[in-house]
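Mind looking over this structure? Questions follow.
As written, the chains take the letters A, B and C, and residue 1 is the first residue of each chain.
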Amino acid sequence: MTQSIAAHPDRLLPAEPAVRDIARSLYKQVAGLPIISPHGHVDAGVIQNNVPFPDPAALLVTPDHYVTRLIHAGGTSMDQLGLGAAPADSRQIWKHFSAAWPQFEGTASGYWIRQEFEHVFGVREEPTVENADRIFDAISAKLAEPGFRPRELFKDFNIEVLATTDDPLDELASHRALAEDPSFHGRVLPTFRPDAYINVAHASWARNVERLIAAAGDGAKGYRGYITALENRRRYFVEHGAVSADHGVRTPATLKLDAAEAEHLFEKARAGKASAADRDAFEAHMMYQMARMSVEDGLVMTIHPGSYRNHHSPTFEAYGPDTGHDIPVAVNYTEGIRPLLQDFGTAKDFHLVLFTLDETVFSRELAPLAGFYPSVYVGAPWWFLDAPDAMLRFRAAVTETAGFSRSSGFIDDTRAFCSIPARHDTSRRIESAFLARLVVEHRISEERAHELIVDIVDSSPRRVFKL
Amino acid sequence: MTQSIAAHPDRLLPAEPAVRDIARSLYKQVAGLPIISPHGHVDAGVIQNNVPFPDPAALLVTPDHYVTRLIHAGGTSMDQLGLGAAPADSRQIWKHFSAAWPQFEGTASGYWIRQEFEHVFGVREEPTVENADRIFDAISAKLAEPGFRPRELFKDFNIEVLATTDDPLDELASHRALAEDPSFHGRVLPTFRPDAYINVAHASWARNVERLIAAAGDGAKGYRGYITALENRRRYFVEHGAVSADHGVRTPATLKLDAAEAEHLFEKARAGKASAADRDAFEAHMMYQMARMSVEDGLVMTIHPGSYRNHHSPTFEAYGPDTGHDIPVAVNYTEGIRPLLQDFGTAKDFHLVLFTLDETVFSRELAPLAGFYPSVYVGAPWWFLDAPDAMLRFRAAVTETAGFSRSSGFIDDTRAFCSIPARHDTSRRIESAFLARLVVEHRISEERAHELIVDIVDSSPRRVFKL
Amino acid sequence: MTQSIAAHPDRLLPAEPAVRDIARSLYKQVAGLPIISPHGHVDAGVIQNNVPFPDPAALLVTPDHYVTRLIHAGGTSMDQLGLGAAPADSRQIWKHFSAAWPQFEGTASGYWIRQEFEHVFGVREEPTVENADRIFDAISAKLAEPGFRPRELFKDFNIEVLATTDDPLDELASHRALAEDPSFHGRVLPTFRPDAYINVAHASWARNVERLIAAAGDGAKGYRGYITALENRRRYFVEHGAVSADHGVRTPATLKLDAAEAEHLFEKARAGKASAADRDAFEAHMMYQMARMSVEDGLVMTIHPGSYRNHHSPTFEAYGPDTGHDIPVAVNYTEGIRPLLQDFGTAKDFHLVLFTLDETVFSRELAPLAGFYPSVYVGAPWWFLDAPDAMLRFRAAVTETAGFSRSSGFIDDTRAFCSIPARHDTSRRIESAFLARLVVEHRISEERAHELIVDIVDSSPRRVFKL
């Protein structure tokens, strides 16, 4: 049996002993703070209904595209991982995962899974083909215990706030039920995510828009009904505790069109006649509109651009979206976001969090933007960049221009509920590591570092996301 | 009272003890060398007239857009920082700065200000709202002392060469007076900066060109007079000690047009009929012309591209340029600079220093260019990149391809006179840190590192800027 | 005499003592493994004919554009380095090299040369103008010894596999002779490199295509004969031991045209009427075709895009290609490679190795692509990026997303035969350094690191290049 290294108290802390000492003491100060998760993809119904998680493969492998993609790269098919139409045997999926485990060495997913195994399920072995059945059984047994139901884990994980991501027409019944349940003490907040109503290229855009106008357009038709309906649904989300609206867009382009131009594009798109340029213009215009609404209703605006979605069409057609082949592209925030910032960049209480998968914009564009505009915050390193070395590069790239006060605080962005503690723990260790280096290099005092680590882990997300 | 960490003798040196030991010894060798500042924005009149600096806010806050931008990001208005039309109380501005001080933690400006406070003004406390009045009074008292006049500080700072940045029609009276003053021992050199006469988009371009031709066109009109006048004024600058011509351009594009094409664009622009493409082409052509003139008159050519100037129009309209919202964009040097290098890249004694705010071009484009063309030097990390970690990234990105001999040496690029020693000191420490790592990794010998640190700090700027 | 530092057993290992200890032990495990070189530019005839190398300048300076470019940047002309039409005195060239030696401090070439001097030729001094004659004589003497002939060095260097780069019409006589020679125990494999038959902009493209069709088109004419001939020649290479086909392209663009469209472009190009856009489209289409053929015949496909070839036309016209002024540009792999991956990304046993000179695509594009597509491997850092710090950045950028199993293993890509051991040794040290940091940071176990270092150095290139 190979001993796991998840348990090492100094994992992810820097090698140099003096730096490590300080990092350890900084980490200790925040290790036990509650988890604030202002952006993620857990289903509120899972918490509300509190049904036991299914088997280990259905919990940890099949739905997590961070995991399936790398096993797929190693030659295992999506079908073998349970993503096909035909049902796959969970125990068999687990064997594939176990066989592929060495591929995760050195990856962020590898770090999370290892910690999750040990700290959530008490599994101290590295997965292998040999122990696959044994670990499968051990985790299955845990999942059957009452202490492993979602609400109990929510409490055990010390989650204070968990934001979900929701369709604008969602009635948010689970969120309401949780808010009204006196036996539940966490905050589970919805997030307004209107992509499928804004991105004209989306397969069901026209149908979505139809439904949206019918449901919330106050009787108005066409573009006016559409805008009204979005405003109404945002208000509905605010009334149900939402603090932010999230936007997954192709590029960071924004554009201010007058109402007539916008209406023209809107009707062209509904008639199925929009060109690619029309679609881009409409999406860019709607980002401008979303900012205007955020200024009015107070929802924090978060933007996640720069991912080429569903890069491999045959996989998309067979297995659907979010199957591991969204591939980043370069982005141009400086020019793209300018029309929006011209009008709203200094608007009172407007918060705009800019995320990127293109690291080059951290020092070149995002830190300078956040270092001037009161509304702009640099989003934490996200997705492929949510990893120890990438986080250190992020801090080094952003801090010298924008300091510590202009970034968003950690977001886990995950649908893998059981990985949440490991993700936040990783971030806390790396933030401690970064600050410790600055202390030993006499750039900041140890006293200030102890204040900053709390600010980064706890105060920043509360302040930026208006919690 | 919080003890400042500016005074720590090891500040900015690397954590690992063996590396730090060597870094310390390298730094010691250059800590006391004179300051060579071949590019900056101090007004020569300030030195010549030697009038006492005004109050602390007018010296350290209001005119420094590195500082005001971050306070602005924190929610303080430009008016409150003294940038508006209405006069603002200096003591009140100082309070805003003091309240915002924690935002500067970890930033390059923070490091400079801290060192400036302690080493120039003897202030050992971190600014706070509580001590704002006290520190304001302490610095004010210093500024009233004779030893704190510009010429005395120039000497104290051990500045040997200070280049200013000047309008082509400037008569350079202050430079001449200083050069002729037997009581002044430094060199204050003008720099030819013709942007406002070349960039057609500049608000007063047509008027500037008119004045230029009238003043120095030798009677010629139109494009021919314009070129003649630029040549004449460059010669005038050379006669007054200038060693370089500096160019702030939107992109690094260059273009060789024949005289007829150039004249056509020039007249179109004067008639107010130039398109955006015309303007870009004319600017690119003029970069080619500036290189030609540099080859002829020997002025070192420096190019600073890739900043989207005045990103937030409302701020620009209310407070003017250089108010903290020039935001970098990606640049393409390899293709852009090629037409210029085709004809002048191997020209005898031509020196071309290429700066960037887009870090990605250091390893990809600038080091390969400087590793082949005898004329090309990689400009030191500039503006947002003039910061400890960014400098280390620069060295790591450039050195393995281009060695140490193909970079410009440090430039401070500042209008904040009192920050000059802190900026150069930061650079010397970081260069020492980089070399020390190579020594401990047995990449260079300690003996060579001791030669290289002197070459980098002292010989490089003299050689590259022909001092 | 200055003592060389090439011999230091810890060269290139990290400074921190605990990390260095582990790095040293990892390095020890692989230091003696045979050299696998699946991509390079050594001429097979040199090994086959086993003629002694000429003098030191002709061996180490004139043909190595990594070396001549930097001496050229320092002001020495190509003629003085022996690249002109007129013969140059080797001893004089050696003096220029020796005078320029300090410029190589801190460069990858500097590290290789230093190690080569000491480990191949037993020269322990740093080159200087003073010792130029002495070192020239010492190396010359060695080159005259029987032990310094190519085949003896091949054995001494412990090279197991050496791939060359060859013209599609090459008869591969040297490769065959070596394979059939019972006294030679290495493997010298050809590589199919069809650039000059695919890139329409190539000066002799039309003539090359003519010859190709005549030689191997099976009697078919035009586009069909062209495709047939390429297929035939690939098969010929496979029969002579080739394992890969290499493609140096301007961009990573790929495109699927139907046969009629392709034929139209092909004939337009042969008629000398292809526009730049036509040429790009044809090259992109041919990359798609090359992938199709690789899927069919099993040759690993390697792509080297993003270099602006022959940047300085006057140098190209006077001295030809590969003279040190190929300058990288930014690339867009995500969109460019997509058409190819749509059809072949998941094809069985297809191996596609993607190289880059634009570091930004490592974390943004290549790691995500290789982390999903079973065919895609991230190429080792190449050319300007084949250097210690760049290699560490590569590993840090790629590993957290793609792990260790999705990269190509080291390639030396060199025509400088005697530098091969130094290049591989550098890579082994840096891989050890990277893994050692992960061990000390408790990211991987020491046991796993010992397995991974062997996998990276030995198993990866065998697996990826089907050796």
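As a convention for this text, a contact is a pair of C-beta atoms (placed from the backbone, for glycine too) under 8 Å apart; a residue touches a chain by one contact, two chains touch by 3 or more.
Predicted, not measured: the structure shown is a model, and the values here were computed from it.
Peer 1: In graph terms, with chains as vertices and touches as edges, which category applies: line, ring, star, complete, or other?
Peer 2: complete
Peer 1: Between chain B and chain A, is it the same set of residue numbers doing the touching on each side, over half shared, or a different set?
Peer 2: Here the answer is different, because the shared fraction of interface numbers falls below one half.
Peer 1: In whole angstrom, how far does the Cα centroid of chain A sit from the Cα centroid of chain B?
Peer 2: That gives a centre separation of 39 Å.
Peer 1: Could you pull out the residues of chain A that touch at least 2 other chains?
Peer 2: Correct list: 16, 330, 360.
Peer 1: Chain A touches which residues of chain B in the complex?
Peer 2: 2-3, 5, 8, 10-17, 69-70, 72-75, 102-108, 110-111, 308, 311-315, 324-330, 357-360, 384-385, 387-390, 393
Peer 1: In the complex, go through chain C and note every residue touching chain A.
Peer 2: 16, 18-19, 330, 332, 334-335, 338, 341-342, 345-346, 360, 363-365, 367-374, 376, 396-397, 399-406, 437-438, 440-445, 447-448, 452
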